[in-house]
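Below, each structure is written out as structure tokens.
Shared chain: chain A. Partners: chain B in the first complex, chain C in the second.
This part shows the complex of A and B:
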């Protein structure tokens, strides 16, 4: 498969899955509602801590948590959803490599997560009068898609393991809070114990949220945004590469274990 | 070159139950089947539920790995060369699932056209052709969730044909569709075969198999019990006569009594709405009306008809023979200690 073909396939796939997911009012409501609760709690906490300068950071942080939750549950849920829809077998039976079948789905879940980012920022502005004074507005608009892309690629590795598991959501639940905590989405990783630092560094979510937060609150040059963006993309690509390597084996195991269909 | 070649194909499913005393249950769904399908042939795979038809198709279309044995599609090994197989095959299954129902038919076909490697410049034309072929032209922009079952089934067929497959696997495509839609479907399948596509069809509808298939394999209990042209299969019961009795409330005890009548080769009951059709296979020329009706004592009986055997009668005879053989025909356990039931399930301590 040529690069042009692969890019086109990813584009059509993302468009298809984003439209499919966007047409479920229930899913969109849940994707937006939980981050709004996080945003509300965060704004009250930051106000109580007499830290009003960081209210926008709280709203953006809650939005990042929404993107992560969407990727995490979306990647596990998407594969399970394909099983329920009966499309997983049709997708696997196509001549396209499984990684290129799943990547548009995980990217689409990250794109759906940006609804949460929009909602939390708007929620903060309308309800709590949080001023939308982004330090680097253009860099913020660049950092969010990069964060979405890197999380979508990370989601591919999650999806790779979820193909094998009929109840993938059981694995997704315990990964939700620890990852957003370790990634510094709401509170900086510096307040966590030192031993957690290597884990944080290994997560694309850490670098993605660092770039988004730096573009939001500023206090430093463009490099503070661009460098974490680059690291997030690099780590995301590494995760995606790992996923591609394991997916060949995962697919063969799924064919041996008969886990592609519901029954 | 053969289109499909299966040699001693086997597939065992393993499941675990229990936490403190885990048990591993092994079920042999397919137990060593061998058959060949020539290019351009329309081959039918018939059998009761759980016979192993879908498992066989899923091994051939690369979704399942055989536990042992080999299979080739157009010369490519299904286990070691799945991508080459997938480029040449289409897979269509029956039922409501397998489509993105919140999207339109057009969106579904565009996406699958990308996945199945249809050249971008050909996609619009090919999708248009297929919408015409399956009679969905003009409805392609509607969401699939508003489609009837027959329309969904036709969309499935269009999806399966996007990349012009050389071999098409149709797994019970007419399940749940109305008679008119089923007739259209048969016409589409016949046209595909006439166009040179090799088709492997599984179905429960004997008339469909009789009308369409060049050859049929009857599979029961995971093994092939009979293989041949529809006429050849029918000839297995040519020495028999068929007595069909309309009945209301015939139970297994009545059928057992009928089977005990001298000259009766088999008896089965089919539910047909509020009534039943009791189908009795007798020796040809034997007048067993009185004895069979006596065996149905206490059951309200309607019309009684004597007729020639059909493919369905041949199928029932083959499956009943297989059922009669089942207790002695089950392979032994693969691990010890173990117990094996008549369905082929083997339970062992995990």
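This part shows the complex of A and C:
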């Protein structure tokens, strides 16, 4: 498959799945309403802490949490949904590599997650008078898509591992809060025990969050946004590469054991 | 040759004893059967991942958030989240107990039954009360071990009673949400939002005095709010707050009543419109 065809496939796939998910009330609830509750909770907590200067950080942090939740459940559901719909075998049997079929789904879940970011920031501005004084507005607009892209690629690795598990949700459900925590989406990673640092550094979500937060809050130079953006993209690409390798192995194993629909 | 005694129907209605036994059987056996059939998370990976590990990790998230913001101490978040951890099993379980009958196409058979609706539906809530209690106890114990928080031994019986009241109230709340499943298609959408709202309004994670008055008023009529307060008071050595438990039980009774009314209302409406199994 040529690069142009692969890019076209990803583009068309993302558009299709974003349209499909945007029509699902459950997806919209996850993407908008639940993050709004977390944003409200964060704003009241930051207010209670007498830290009104960081209310925008709280709203943006809640938005990042929403993006991750969307990717996590979307990626878990990416394979499970195909399994339930009975289309997983057809997708695996098609000449298009499975990774290129799944990547648009996981990217689309991250794009749907940006609804959360938009909703929480607007919610904060309209209801809580949070001033939208981003330190680097243009870099913020660049950092969010980069974060979305890296999370989408991370989602591909999740989806790849979930192909093997019938109860993918069992793994997805408890992964929500630890990644919020380890990535510093709302709580700085400096609060966590030292042994968690290597885990944090290995997550694209950490670097994506760092870039978005640096672009949001004052005092950070452009370099503090651009470098984490680069690391997030690099790590995301590494996760995607790992996902391709895992998917190849998983696919061969599932074909050999004839357990794709049952795995 | 053995003789078979023919069954004779005296024509009289069963006595109060038989009626009670029959109702109890419906509550216990019917509840257990519906739990096995309708609760989607009974497999060990789902139960452990979603109901035990998930709430514990959520508790740790809020503990570290609290440490960063210095809004309240670890005890506040630990007790609040241990109480609220029951909500996953109770809210979603209560919803599944009703809504999944419709989803799996068995609702018609259930509603054709001549049995009294109150034991039929309340029996379904009991497994979730027990689930909620187990999850709260596990979350509290694991978090105390991980974070090194000590709870006075003499507070444990009271704490058990508070957690039981919380799980019972929350299951009734879940059943009331599940009743909406007789009328609306996307009832899990409501459950998701309700479950998140409990995190905010019950004061599990935000001190209630920092919330606006209307949010505090809403929290007062939600399950878990009074239980979280009572649990915190107990663990701090303040003794059992009888009013807190009574308030929690009354809240739960209110939702139980609401569930019965909604179930009866929606059942009648569904029969009238012939929309019982329409998804």
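We adopt the following convention: the second predicted complex is superposed on the first by the 256 of 263 C-alpha atoms of A that agree within 3 Å, B and C clash if a C-alpha of one lies under 4 Å from a C-alpha of the other, contacts with A are read in each partner's own complex, and residues count from 1 in each chain.
To be clear about the criterion, contacts are C-beta pairs under 8 Å (C-beta built on N, C-alpha and C of every residue); 3 or more make two chains touch, one makes a residue touch a chain.
As the structure is a computational prediction, the values presented were derived from the model and not from experiment.
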Which of chain B and chain C A:252 touches, first, second, both or neither: first
First, second, both or neither for A:178, with chain B first and chain C second: second
First (chain B), second (chain C), both or neither touched by A:196: neither
Chain A to chain C touching residues, read off their complex: 25-26, 29-30, 33-34, 37-38, 40-41, 44-49, 51, 165, 167, 169-171, 173-174, 176-178, 180-181, 186-188, 191-192
Touching residues (chain side chain B, partner chain A) in the complex: 13, 58, 61-65, 82-83, 86-87, 89, 91, 93, 95, 97-103, 107, 110-112, 114-117, 120, 159
In the complex with chain B, residue positions of chain A that touch it: 1, 5, 8-9, 12-13, 16, 19-20, 23-24, 84-87, 89-97, 101, 252, 255-256, 258, 260-261
Sites on chain C touched by chain A in the complex: 43, 45-46, 48-50, 53-54, 57-58, 60-61, 64-65, 67-71, 186, 188-189, 192-193, 196-197, 199-200, 205-207, 210-211
